[in-house]
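One chain, chain A, links the two complexes that follow: it is found with chain B in the first and with chain C in the second.
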Partner chain A sequence: MRIMGHQPNLSAWIGLAIVTSFIVIALFAPWIAPYGEAESVSETWASSTWQYWLGTDNIGRDMLSRLIYGARMTIGVALLTTILSFIIGTCAGLLAAIGGPIIDQALSRLVDVMLSIPLLVFALIILSMFGSSIPTLIITIAVLDSTRVFRLARAVAMNIVVLEFVEAAKLRGEGLWWIMRREILPNALPPMISEFGLRFCFNFLFVAGLSFLGLGIQPPFADWGGMVRENGRAISFGIPAPLWPAMAIAIMTVGVNLVVDWILSINARPSGASAEM
Partner chain B sequence: MLRLITTRVVLGILTLLAVSVLIFAATEILPGDVASAVLGQGATPETLAAFREELGLNRPAYVRYLEWFFGAIQGDFGVAMTNKRDIITSMTPRLENTFFLAGYAALIAVPLSVSLGIIAAINEGKAVDKVANVISLAAISVPEFFIAYLLIIIFAVNLDWFPSLSTVFADMTFAKKLHVTALPAFTLTLLVAAHMLRMTRSSVLSIMSQPYIEMAFLKGLSRTRVVFHHALPNAAAPIIAVIALNLAYLIVGVVVIEVVFVYPGVGQFMVDGVTKRDLPVVQACGLVFAAAFIILNTIADVLGVLVNPRLRKPR
Partner chain C sequence: MIAVTKPVLKITDLRVENLTGAVLVDNVSFELRPGEVLGLIGESGAGKSTIGLAAMVYARAGCSITGGSVEIEGLDSRKADAEGRRELRGRHIAYVAQSAAASFNPAHTILEQVCEMPIQHGLMSKAEAEAWAIELFRALDLPDPDKFGSRYPHQVSGGQLQRAMAAMAISCRPKILVFDEPTTALDVTTQIEVLALIKKLIREYNTAALYITHDLAVVAQVADRIMVLRGGKEIEIGTTSDILNKPKTAYAKALVTERKAADKISVETVEKRGPSVLEVSNAVGVYGDFVAVKKASLSVSKSETVAVVGESGSGKSSLARLIVGLLPRSEGSVRFNGVDLPPALKSRTADNLRRIQFIYQQPDVALNPRQTVGDIIGRPVEFYFNRSKPEVAKRVDELLEQVGLPKDYATRLSTALSGGQKQRVSIARALAAEPDLIICDEPTSALDQLVADEILKLLKRLQDDLGVAYLFITHDLGIVRRIAHRTAVMLRGEIIAEGPTERIFSPPFHPYTEKLLASVPELRTDWLEEVLAKREPGGKPKKAKPKV
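The block that comes next holds the complex of A and B.
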């Protein structure tokens, strides 16, 4: 079987299988989950049985059902964040590339300063100010993460701006927005696609990390980072409860990484024009 | 060369200044102000006014920034909003704890990962290289707390070698402290060692593709000799840069790890501050973290200039 005209290798297949099944689980959570998201079905931290495959959590909810519902929240938030971050980062990056040296300098120096603070520290400062709700979380991480996207988009666009067809469009009298959208964006997309996967992984781990610190997605919503936090104490009693959501996060990131590796290897082929960018 | 170094240091100081403005400004961009953000919707105009008075919010922002900044460089971060305790006195012991943990992890991680990275590069494509590659890739792509809980299950619960919570006291003996903080230190080690190993390996390998290395091979030298005598001296600069970068990374990684092991460090302090929305505490911790990050990066740049054989010659 070929996808987008390319034959995936074994690790790409594993990655694709993981990502697809997680997305299906997230989409159809209410039909797949054996119990409800907030339904207390047993005593605290029951061990795994045929009835509760992965045991129960700190207030007796079925771990597997929580994991399935949590996929929605965790993957959904990370995906929205990445999309928003790409919109902001790409727009700013393309603007810096064609908007002249003043805009470029202003944006680039701002990004330099933002990148010189660890993202987590920056996010903590902003969240302490705004409090943690899902929209705040998405916007905060997206804005912080867009600095990385900006760097790439600007670098890629810089190589395209000097080509003849952009020059021609400028001479035709096309507007800034039109040039960005019709001349530069289509040519900048291939290297941005694999970056999307990498940024998704990063944001996914970032959201999970913040939720684990109790500053991300708030209860009663199930999300994997928060589930690790809620069940953290169980580990000292030798109960593997926090390991399941942590493992789900790990499997998802590894899956996306495998797919990204495959996309990168397509781009790196001699026929792929985007290799150097 | 001296000019290069001076430029780097000046650049570092400028960045730190810009970052301090940014950290301060982050609390000013909100519609409304700190007082209404902290007190929330239920606040009456009188309590808001009183709170603003108390925080000094009725003065212009740049005055408050200058006061905060000059206080900060003299080691005075003001008092915490919630318990009115002096921030610097509650932060100092925690800062020592964090540096202790980070230093502990660095002492294991740096020699381990650099030597493993070189071994992997020497044996490129062989089994050793592949195993190192897979393990380090796995360690990078899983969340910090996953590694932490896995280590707890193995070493604290099943083998019972180390405690699962790292509670430290001021009057603990050094050996005891090393034992109690072993698990968080190992977790951090795994996290940064994986990055360092991969980057060391790739910087040695990129040197290995140079023409003079091929020349050395054509002379009939052994692979080990070529790596140690020809490649390593030139790979030293990038490796040092990699180490410093990862030490900077360690400072961030410490936040989550401290929370997992309930270790009393600055990371926990900051997370607590965020939960209680105690802005002065968060700003102070943020500035300390950012400063450590920038200082380490500047040191990396300067060391990179110093050890680069091509930049060492006076022009």
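The block that comes next holds the complex of A and C.
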């Protein structure tokens, strides 16, 4: 079977299988999960039984159901964040590449300032100022993350702007927006798509990290990072409860990376049009 | 004399394939004796370079030598292991690449790089290698040979770097040299010097050489025998004079005739063909504090081709950029159809822009690789004339037909086309705007000879049909002779001569025009000797020593 005109290798198939199944689980969570998201069904940290496959958590909620709902929240938030950060970063990056030295300097220096502050510290400040609702969380991470996207988009676009078909468009009298959208963006896409996968992973881990610190997704919503935090103490009693969400994070990260590796390898091939540029 | 010596290089039934199994070189055999030069000629993709590299038992990434034998000095080197091959390369057979600038490491001095091979092969100590390198620099007429090596590659000119590369190749005194288009990237006036030195080098060291090129006239100067290649197969092999004077195969005949056409003027050259379209007067173009165009004046009339010739760096392209507004002029005026054009691109109207179109040198980067041919050609129609979708599609079909491409190419991506087809698409895109003037910036120099010829014919036909004027920028005087009604010669940003092509190309010449004309290789074997002999007496005093 071929996907987007390319034959995936074994590791790509594994990655695709992991990512697809997690997405299906996230989409159909209410139908798949045996219990409700915030439903307390048993005692604290019950061990695995036929009834509760992965046992229960710190307040007796079914771990498996929480994991399934958590996939929805964690993947959903990370995905929205990455999409938003790519929209912001790519637009700004292409504009910097084509808009002339003044726009470029203004945007680049602004990004430098933002990049000089550690991401986590920056996020903690903003989230403690504005509170940790899901929209604030998404916008904050997206804006912070878009600085990295900006860097890449600008670098890629800089190499395309000097090509003659862009000059031909300028000579034709085309506007900036048209040149960005029709001449540059399609040629910048391959490296951007593989970067999308990587940034999705980082954002995913970042959301999990923030939840672990208590500033991410708030209870009673389930999310994997938060679940590790809530059940962290269990490990000292020899109960595997926090390992399940941690494992989910690990598997998802590995899956996305396998897919990204495959996309990168397509772009690195000499047959890819972007390879020469 | 030649027949009795043993061949130093013997290639039999050579076959090179790439990973997908496509045959790049098929069943090619030849022998090379000391002091003998074999010219390999053919268009791109003919397998010239692949054979050159295979002679060193090397194949590019993704390719491999799958059949035949390569004997270097009697040893079958295909059987040698990696270490054995390393021993061969540089010491017994060396390579001179087309782009010297890309072949030198910019982080090391030239001397270090020329000395590297003899030291690596353990042939010389460092001091010996350096002394030898300086001797080579002297033999190759490089300026200030004692200090030349201490410079970095970017600090010397292209011609000097190409000679330094030749020095590097012969540093281990190999028996065989492979020259892969060593003068293609150079200006004609520089090319002649490098050619003369390559010839001297081969003669002095009695080296056997493979000389790869696409220019028949160049190979005629250096080669004893010529092999004509096409699609990885040998078409014809013979002595140089046989190939030039009585080629047997149709393909070789076409190559020779095509090259000969470049030697004579084949357009009627007149003072004025019609009302003036473009008038540039006293235009000055500046990059920072470098004056690229100095007080240039030029005019182009309706359905006329004006050629701008000159070497690289003479300001030809800057002049074109100044006319279209990419390089805002700081003085002078550009009048188009009697109206003064603003200097900057941004202040020109859409109609101003539409009437002057541009065709680029590199068709690969002139077309967006992510757009279909239909989108590329249709966009100017849509943009300037605001037509509806079906009208645009109809016009695209017409334009494709005009440039000689099938209609169904409209749905293809430009990356699926060959170089010549891409250039046809570029021309169609320019025509789509229905311009009065098309500026052609070396539109054929990236193409193979026969393909370039087709493009020139197409441009000529379109001019006859549509009355469009061309400003044709080129360094190739052969093209000028064939298509330009009038010619302007540029040197260091100035137009030093301008007029009907016939007048420019006949005496009395401007001294620079004469030098330029004399430097274009002609299709006969004794041309180089003649030109050099002419130069010797009155020319450079340092060459007063007796000829080798």
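Definition applied: the second predicted complex is superposed on the first by the 274 of 277 C-alpha atoms of A that agree within 3 Å, B and C clash if a C-alpha of one lies under 4 Å from a C-alpha of the other, contacts with A are read in each partner's own complex, and residues count from 1 in each chain.
Just so we're on the same page, a contact is a pair of C-beta atoms (placed from the backbone, for glycine too) under 8 Å apart; a residue touches a chain by one contact, two chains touch by 3 or more.
Source: prediction; values computed, not measured.
Aligning the two structures on chain A places chain B and chain C next to each other without any clash. Of the two partner chains, chain B is the only one touched by A:Gly209; chain C is not. In the overlay built on the shared chain, the residue A:Leu127 is in contact with chain B alone; chain C does not reach it. Using CA centres, the angle subtended at chain A by chain B and chain C is 90 degrees, rounded to a multiple of 10.
Judged by the touch definition given at the top, the superposed model places A:Val254 against chain B, while chain C stays out of reach. With both complexes placed on chain A, chain A has more residues touched by B than by the other of chain B and chain C. In the superposition on chain A, A:Pro242 makes contact with chain B only, not with chain C. In the superposition on chain A, A:Gly173 contacts chain C only, with no contact to chain B.
Contacts of A:Pro118 after superposition on the shared chain: chain B is touched, whereas chain C is not.
With chain A used as the common frame, the shortest Cα distance separating chain B from chain C works out to 6 Å. The contact sets of chain A with chain B and with chain C never meet. By the touch criterion stated above, chain C contacts chain A in their complex at residues 62, 324, 326, 345, 348, 350, 353, 357-358, 360, 362, 364-371, 379-380, 383-384, 415, 429, 433.
Contact residues on chain A toward chain B in their complex (touch as defined above): 112-114, 116-122, 124-131, 201, 205, 208-209, 212-215, 225, 228, 232, 235-238, 240, 242-243, 246-247, 249-250, 253-254, 257.
Interface residues of chain A, counted against chain C in their complex, comprise 163-165, 167-168, 170-174, 182-183, 186-187, 270, 273, 276. Residue ranges on chain B touching chain A, taken from their complex, read 15, 18-19, 22-23, 26-27, 30, 34, 37, 137-138, 141-146, 149-150, 152-153, 156-158, 164-165, 248, 251-252, 255-256, 259-260, 270-271, 273-275, 277-279, 282-283, 285-286, 289-290, 293-294, 297.
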